Structure formats: structure tokens, C-alpha cells
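I've put the structures underneath this note.
Two complexes, one shared chain (subunit A), two partners (subunit B, subunit C).
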Partner chain A sequence: MGRLTLEHTLQGHKGRIWGVAWHPNGNTFASCGEDKAIRIWTLSGSGTWSTKTILSDGHKRTIREIHWSPCGQYLASASFDATTAIWSKSVGEFECNATLEGHENEVKSVSWSHSGGLLATCSRDKSVWIWEFAGDDEFECAAVLNSHSADVKRVVWHPKKDVLASASYDNTIKLYSESALDSDWDCTATLSSHTSTVWGIDFDGDGERLISCSDDKTLKIWRSYPPGNNAGIATPENIPVWKCVCTLAGHHSRAIYDVTWCKQTGLIATACGDNAIRIFKESSDSNSDEPTFELVTAEDSAHGEDVNAVDWNPVTSGQLLSCSDDGTIKIWKVVD
Partner chain B sequence: MSRFSGALQLTDLDDFITPSQECIKPVTIDKTKSKTGAKITVQEDGYYEESESGKHKLQKVEITLQDCLACSGCITSAEGVLITQQSQEELLKVLRENQALKATGETDKVRTIVFTIATQPILSLANRYNLGVDDTARHLAGYFRSLGADLVLGTKIADDLALLECRQEFVERFRDNPQLTMLSSSCPGWVCYAEKTHGSFILPHIATTRSPQQIMGVLVKQFLAEKLGFSGSRIYHVTVMPCYDKKLEASREDFYSEVNSSRDVDCVITSIEVEQMLLTEDKALHLYDPTELDWPWTDQSPENIAWAHESTLSGGYAEHIFKYAAKELFNNTLHELDFKQLRNRDFREVILEKDGQTVLKFAIANGFRNIQNLVQKLKRGKASYHFVEVMACPSGCVNGGAQVRPTTGQHVSELTQQLEALYKQLPLSIPDNTHTKQMYSDFLDGAHTDKAREMLHTSYHAVEKLNSALNIKW
Partner chain C sequence: MPTEIENINPNVYGKIKEREVTAHDEDESVADPFDKREIFDLIRTINDPEHPLTLEELHVVQEELININDKENDVHINFTPTIPHCSMATLIGLSIRVKLLRSLPSRFKVTVEITPGTHASELAVNKQLADKERVAAALENKHLAEVINQCISV
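What follows is the complex of A and B.
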């Protein structure tokens, strides 16, 4: 079985750190937190990580999440000040070149679509917004989706299609896509099974499966059954039906705040309120309709307080970023 | 599912709340001499204060719809309040009480019941019950009379007056400042959203012309009351509208007359509620004897009941004002307008060019996402529109939030297309007609007079954001 070794512990933010996100090139990442600042970290020749840039003038309140565009040119930040900022490095230095307003209150999450042409945000105001990115600083609101009945915690795009997933305080996950009929965005599926807030979601590499983590201390794996699937699952509206095919319970002792599914290795990492980071992988004899997953390793005291976010390096296999209420960022490596 | 427009569904808290739970409105509590040691106990029928003098029931806090409108807190919980103040149950109760008064001969207390039916609900119900448009209106009139209505009216007169006033307001504002952007005012979802979230920035752009519902309100409670020879408070005025937001509009303080001590519109019911009422009666609409609608305004009533106002489905503001302004300001007579669709079908613009220069630029922005894009453009100084017709519902009023729902398996857009087709068959109303002329001369001391301004215009109020500790939540 594998284990997790700590490569680096990084400090810089004041107060709790809410989010970390790898740049698509894998040798830069960004972090954000309650000090209202975004830090951009890079690896130097000597193998140490340092803050290259601090973006501190974009938001008036806590920055909850950041996300890089697939091209790596833009960084989006979601803040409790009800705005989403878009930063770009067109002329050497990072600058905020658009501020998206519209949410009534705290923006909780932001995500770029696979093509980078769409951006999604969600908020405590219960709504999910989809923005079309028309280049430069031009963002147009393409949809305001009011499907959730409570605070929306997370939005994540499908890795290959324009399909959006959102997770909420109402215990459900919802999926959205654009209707071919009238080019309006509609909620196409509601995934119910968690018994408390769904904090995080992530797709696997090809987007056929989704993992969710919850305040109910479980992980759930959901699978998409498209029309005409071999399992004989009925698709009444001729769109894919999502079913919960696996629940991982008994591993976490507190709320699970984040989950990340490695697109290269298939490993799953979780960030938990019990200060631990856990790594799971699919069993070798797993069956696609009833998959089984096993715990690879649990790093019990990964951080001194709640672990808020985890992110797999998209280039360097097995490298994992984590951040915590304890004010540190850690870089880990899964070793056999 | 909420029947409010999308603009009003954005709210502040995880508000599956009812007003009593998390409402942030400060409440005055009359404190009698405070004694220590009092205990509050909760029992099924309310809260009790226990003290040495014994137990007494605490007064329940009453939150009115006006409180909700004046507050920056939640809005959907207003839905709970609406149920008690503006509902079919309340309407039926008032009608029953009125019938009872008639029966006991207490004629001095009997109220005259007036129904006003807007065009969009007629279309919705015509489609629902598979009847002709004017026939639907006649059967509805028959149904409402069976419930005790004394007069049943259409909205043509108010729709016409709203266009006349709004186009006049536009031309005056444009002559004053050709860089202006004027925004339409007939959609209460949009107005309420603007007041609550964009206050002082957007409100000066919004036309002061009242919506047709509120013009009907003033006509009924003042002109009609005068004609009938009694005070407006003796009239109970019910409107049938395509959306819940109209209930909020009718509840605005601005539309309460101190003199009459009554609201211009007492109760708003919607298409979907009429459908429910008919369902409860267990009698199909066509089984109610059709009756003609009333026309108390002028001697000769128009030959039709339901009328189209231009080709768009929300009163024709952009189209009508554009044509009028082109003629009035640039001496261009236009018939058909060439609206260009922008990002989506609910955002369209039309321009008038003169000598290669754009002299007039209008837009129609429907639905909440386009309201957002419009507001952001205005904020960044990138909206070069002279006038924008703004409606909170996608596709406009014909697709109002409280229109009859699509049948199972039917897509909303399919239903909207059916209603659109019905609308396109309606006769076109020309607002400059003998009826409106007579209304101006008989009731408003003529056009552009102080009285016309007072009766047909209104004002808006920015709602201050409350930053109370109760609002903060991680």
C-alpha cells in the first residue's frame, strides 16, 4: 500500500486558507483565504516554493475559491464580497481585468468549463450563474439557475462537455446543460442520497463518474448512464441518468470539505474536518456498476486544524496540494 | 415552485423561512413594567409569558407585505405573507361577505366588485380551455359575475394610456438629454429588484409612468367611483394578472390612497389561481354563461375585448415608443421594426440611423440574465441605449410566472409559442383614439397636465441594505 510523504510546508497567508489550485502547467499554483489575498507560488530552480505575486486589492472580504482557466492565462477568484474577479497576466503582471457582479451575497465557488468559454459561480443566495466569456474583459450572464433550495457550496464543470455540476446545503447535487431546443440552461438531474450538506464534487478523467463529499462523513460515487446503456437503466427523458453506485462510509470522523479525483492516476484525495487527508483508489476487481474503492492511506494529522481543500497536480503524478485553517499549505507526494 | 419572476427569487438567506423565523425587520415591543423572573413558554397555540401575575399570551408579530417590500432582507418569504393578503381564498371570502351583506339588506356596507382582466391571462386561459380569445374573456366575465362581480373590465384603456404616457415621457427626457437611457417601468419584478439591489444608480433611469395595472387602479377607484357616485373605498377592485409580482406592485404604499383609504387594486389573482378556482368549482370555463365585458369609460365600447399592443408580448413599449420617437424627433415614419437578436432571443435591439449616424437605439431585455447584462453594461457605461423595455420573465409577460403551466411533457417554449400565435391574431390597438382622448379631457384635465402626471405616474424608492448581525452567516 502507498503512503503520503510531506514535501513542503508553506506559510504566508494570515489566517485560514480556503483554497489552493494548480496552474495547468503543474509548476505554479495559487492560494486564497480570509486575508482577502491571492498568492501565486512558483517552484524555483533550487526546488523551493515561494510566493511570486500577491494579489491583495481585488476583494473586500474572504476569498473562498480560485480556479485557473484551462489555458492558464486567467485566474478566477470567488469572494464573500459577492463578486468574482478575473485576473490575467497579459502584460507581465497579474491584473484584475473584470469583476463579475450579480450575486446577492457570498460567492462560494467558481469554475471554468473545459474549453474556457464558460464560467460558473455559485452563492449563498442559492443561485448558480453561468457566464459566457467573450474575450478580454467581456463576460455575459448566460443563465441564472435557481434550482437549489439552499446555499450552493460548489460548482464544477465536466472535463469534456459543457455540463455543470453544483453541490448544496440542501444535500443534493444538480447537473445542468444547455437545452438544444431553446439554448436555455436547464437543470437536467438532481442527485439525492447524502443526508447533509454536500461540500465538494469532482468528475473522473472522462466525466462518466462524479464523486461527492459531504457533511454526513461519506463519499459517494455517481455514474452516468446514457440513453441505450448496457446496464438497462431507463433514460425516460433521453438524457443521461445519474445513479449512486458506491458509498464510502466509516473512513472519515468529521465533515469532508473537499474531494479531488486525479485525472491521471485515478486516485481520490479528501480534505476532512478531522485534520486528516485520505487517499482512496478503485480496487483492481472493481465492477463498473458496483465499483469498490479502498483506502490507500490516511494521513491523520496532515494539518493542525480543518483541511479545507486538496488538489492533484495535473502534470506531476501523485503530487497533492492541501490547505487548512491552520494557515499552512502543504505539498505531498503519494509513494508506493 | 415559486410563481415570482426569477428576479425576485434571489434572496438573502437559506430562506425556507417563514416571516416569523428569520425575518430581520425590527419589531416594536410595548414593554410594560419589566419584572425579572418572567419566563416564556411555547405552547401549541403560541408563546406565553409566565410571571407572578400568571400566564398571558404574547402578541404575535404581524409582518405585512408592505414591511417586506420596504426591507432589504428576504423576499420569497413575502410569498407566505401574500397567501394571507392576496389570494383566491381572501378574494372568495370578501365576495361571500359582500353577498351576505346584500342578502341582509345592509346596502350601505355592500361594496361594488370590479374585476379587471389583463390580456395575457386571457390568452393563457384560452389556450388552457381551448376557447377563442374573446370568448374566453366572456366566459371569465360570466364566471366572475357568478361570484358576485358587478363590473368586469379589460385593460385596453390602461394599456393605451400607459403607452401614450410613456412615449411622451421618453420624448421629453430625450429632448432634455439625448444621452439618456430610459428603462421601462411596467414590470414590478424588475422595479422591485432595481429598488432592492441597484437603488440610486438605476432608479433615475426608470420611467415614472405607471403600469397598466396601476393605471386601471386609479381609473377604477377615482374615475369610475366618481361616475358611480360614491367613494373609491366602496369599490373592491380585483385584477387578473400573469404574474405574482403584480401582487407586490398592488401592495406598494404609492398606490394607496389616503383620501379614499383604499388601495387602487385590492386583490390580484393570477391565471394559475383562476385555473385552480375553476378546478375547485369542478365546472369547466365554457359552462359559465358568457357575458360581455363592461366599458364604463366612454359612450361607445371598442369592438373587441383583447387587443395586441404592437408585436412584442409585454405591452409593446419598445416598439411603440421607438416608432413614435422616430416620427416625433426625426420625422421618420416607420411601420415594421427590424429587431436584431443579440446573445439570446431575449435580448434584442433596434436602431434608427440618419445620415450614417445612429440616432435612436432601443432594446428589449427579458429575463433575469439579461437584466443582469443590462445593469452591468449600464454600470460600466457601455449601454448606449436610449430606451430599454425590461421584463423579468424570459419571453416577457406572456410567459409570466403565474400563467397556466405547460401540460405534462410540453416544453415551456412550446407553450410560449402557442400564446404568441394567439397574441399575433389579436387586433392591433392604436393608442391615439377617441377613447383615450376622451379620458384625457373628461378625467385628467387634458394631456400633459398636473392631474395626468399625478394620476398616471409614480415614484421609486431605493431600499437601504441592512447590515445587521443577523445577516452574517458563514
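What follows is the complex of A and C.
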């Protein structure tokens, strides 16, 4: 059985911290929260983490989420002020290069596609927007998707393809891709099974499976069945069909606000409203059509208040970042 | 805000007596966990958004509908709208949440729900009140924050 050990506890933001995100190089990360600031943290030679830069003039309200572009040069921030800001470090200092406007109210999430050429945002206005990134500060809106019937909480791109997933207060997850016929973006699947708000989603390493976490206190694993699959799952529209193949219930005592699926180790970490961080792993005898997952370890009082986000280090395997309503950021290591 | 008052003649109930301070309360050396009565005292004086009356006087909040487990950091409040179609239900619930968020130590998890069976949109209102992200966004809305502050000011 594994164990979660605390490596660092960091403070800096005033109030609730909503988001944390590793830089692709794994030795820098960003954090954001209700103090309307973004902090960029780096590891010094002596092994301590400290704030290197504070970006405080980009947003007028809470910053809900931040994400680095795959090349690591750009940082996108989603804010309750209805805008998304794009930051980059072209002249040594981080600067806001572009502000994406269009959503009617709070922007809840932002995500870069695997190539970095597309950006997705979603909002309480029920819509998902896809932006084409032409370089520098050129962003063009490629699609406005209105498939959800309520507040959209999260957008996440597929790790290898231009397929987007979104999660909503309407209890569903939706998938979108560009139609080969008319190059319009369409909703290609609606994943229904959760009985309350879906807060978080993440793909596994090859993008064939998706995990979701919800206010209903469960985690669900969804699998893609392409046309001609061996399991005999019908694909009437000749596109992959997603099915819920596993529900993990009984582990979380409150809403699960975030989930992250490690692309290197396959470990799953969850951030819960009961202050705990839990780590799950697929069982060794797991069957791909009915997989089983085990709780590897749980840190019951990981934080003093709700845990809002978790993110696996993309380079240092087993290193996990978390942030909380208690105003702290913690760095953990999963050890055997 | 509504232009007309929905429930013109609400039932008005009496107030309970002030809590008597005991010797035990004044003894600083004993641990004194939060109890139902203390939570009730925090929310009973909240003003109704449309009547010059408190939530206690309208029986929107009642001591019996409060559950607290100090050790588990858990506070659960049921509140009863005066009529089943009350459009003020979310605002009242939000005022209760804000009052407790500001008064209690941050370790507490506060759940505010409509008393089962007393409102037509009970589930939708409960879901909205439980969504901390939407509550946070709502409280950043200046106008709404002002209305809530009026409700919870003594």
C-alpha cells in the first residue's frame, strides 16, 4: 500500500485558493484564487518553493482556474469577471498579451489542446467557446457551443486529439469534435449517469478513458468504444460511443471538486469537500470492460478546509500539488 | 427584488427568551462547543427580505431544525419558506449561509437546505445554495451583497 507524504506547505494568497497548475517542465507551477492574483512558484537550488512573480492586474474578480500551454510559454486564466487572460513572458516579465471576451458571465474553466493551437473556455452562461490560437496575441472564436442546459464547470482537451470534454451543473459531460464534412464543431456525445453537478474531468494517458467527479460524491470511469470494437458496443453514428464502465462510490463524504489522472503512473487523485485527498489505482486484475479501482491511500485532513484542486507533476512521477479554501498550497509525494 | 409582496399576511410567532448566562459559560477554562441554541441565536435575528420581521418571528428558522456537531465541524440548517412558491427562498438561504460564514470559525461546513416538502423548487434551491462556487460568485455581486447585508444587519 502507498502513502502520501507532505513535502511542502506554501502560503501567499489571501483567502481561498481555487486553482493550481504545473508548468510542463515540472519545476514551476501557478496558483490562483479569490484575491484576483496569479502567483508563479519556482523551486530554488536549496529545495524550497517560493513565489517568483505575482500577476495582479489582469482580472477584476476571482480567478477560478489557470493552465499552461503545452509549450510552457503561455498561461491562460479564467475569471469570474467574464474574461480569460493570456499571459506570456516574451520580454523577461510575464505580461497579459490578450483578453478573451464574449462570455456573458463568470468564466469557470480554460484548457489548451494538445498542440496548443486551440483554447476552450466555459461559463455560467451555459456555453463552451473554442478559440483558435494563431500565435502572438491572435485568438479567433471558432465555435460557441450551447449544448449544456446549465452552468458549465470544466473544460478539458483530449491528450492526443482535438476532442474536447465539458462538465456541467446539469449533471452531464459532453464531448465535442470538429466535423470532417463542414468543419463545424459539434457535440458528439452526452455522458449521463451522475446525479448532481460534475465538477471535474480528466483523460487517461492515451485518451481512451475519462474520469469524472461530482457533487454526488462518486467518481465514474468512462470508456470510448470506437466503431468495430470487440466488445460489440453499437456505434450507430459511426463515431466512438462512451460508456460508464465503473462507479467508485462510498469513498468520499462530500462533493468531489477535482480529479487528476496521472499520465505517467496511471494514479488518480481526488480533491474533496471533506478536506481529504485520496489516491486510487487500477487493480492488477482489472478487466477493461468492467475495470476495478482500489483506494491506495487517503489523507483525511490533507487541508484544514475544502480541497479545491489537485494536479500531478508531469515530470516528477508521484508528486502531487493541492490547494484549499484554507489558503494553503501543499506539495505531496506518493511513496510505496 | 419583487414589486409586490407575495405573502401579505404571514403568520407571526413570538420570540423566545434570551439565553441565560450560566456560571459555566463564564468559566474560560472549560471547552465550550457550539450548540443548537448558539447557532439559532446567530440566525434568528436575520430580517426577512420583505417584511419588517425576523426569520424567527416568521418561523422560517427554528431551533429544532438546526443540527450541529462541533467535533465534526458540521452545521446543518433547515429553513421553512413562508409559502411554497416564495421567490425569496434562495435569498433567505443565502443570508443564513453568509451570516454563519462570517460568524463561525472557518473549519465549519455549513449546509443550508429548505425543510423537506415546504417549497415547490426545493431541490433546485438546495443545489444552488450548496454550490460554493456560485455562492462565491454571487457574493462578489455588489447589489446582491448589499441586499444580504441589509437582511443580516441587526
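Heads up, the rule we're going with is that the second predicted complex is superposed on the first by the 336 of 336 C-alpha atoms of A that agree within 3 Å, B and C clash if a C-alpha of one lies under 4 Å from a C-alpha of the other, contacts with A are read in each partner's own complex, and residues count from 1 in each chain.
Just so we're on the same page, a contact is a pair of C-beta atoms (placed from the backbone, for glycine too) under 8 Å apart; a residue touches a chain by one contact, two chains touch by 3 or more.
It should be emphasised that the depicted structure is a prediction, and the values quoted were computed from it without experimental measurement.
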Task = Please indicate which partner A:R124 is in contact with in the superposed arrangement: first for subunit B, second for subunit C, both, or neither.
result = both
Request  = Report for A:D325: first if it touches subunit B alone, second if subunit C alone, otherwise both or neither.
outcome  = second
Ask   = Does subunit B (first) or subunit C (second) touch A:K108, or do both, or does neither?
value = second
Inquiry  = In the overlaid three-chain picture, which partner chain does A:A234 touch, first (subunit B) or second (subunit C), both, or neither?
reply    = neither
Request  = Check the residue A:E132 against both partner chains and state whether it touches subunit B (first), subunit C (second), both, or neither.
outcome  = first
Ask   = If you stack the two complexes on chain A, which partner ends up touching A:V91: first (subunit B), second (subunit C), both, or neither?
value = neither
Inquiry  = Applying the document's definition of touch, where does A:A180 land relative to subunit B and subunit C: first, second, both, or neither?
reply    = neither
Task = Check whether A:A142 is in contact with subunit B, with subunit C, with both or with neither, and answer first, second, both or neither.
result = first
Intersection of subunit A interface sets (partners subunit B, subunit C) = 105, 124, 151, 169
Message = Applying the document's contact rule, which stretches of subunit B touch subunit A when the two form their complex?
response = 2, 6, 9-12, 14, 16, 197, 343-345, 368-370, 372-373, 376, 379, 394, 411, 413, 473
Inquiry  = List the residues on subunit A that touch subunit C in their complex, please.
reply    = 16, 34, 61-62, 64, 80, 105-106, 108, 124, 151, 153, 169, 196-197, 215, 254-255, 273, 304-306, 325-326
Task = Would you pull the subunit C residues touching subunit A in the complex into a rising list?
result = 106-107, 109, 127, 130-134, 136-137, 140
Message = If we count contacts the way the header does, which residues on subunit A are in touch with subunit B in the complex?
response = 101-102, 104-105, 124-127, 132, 140-144, 146, 149-151, 169, 179, 181-184
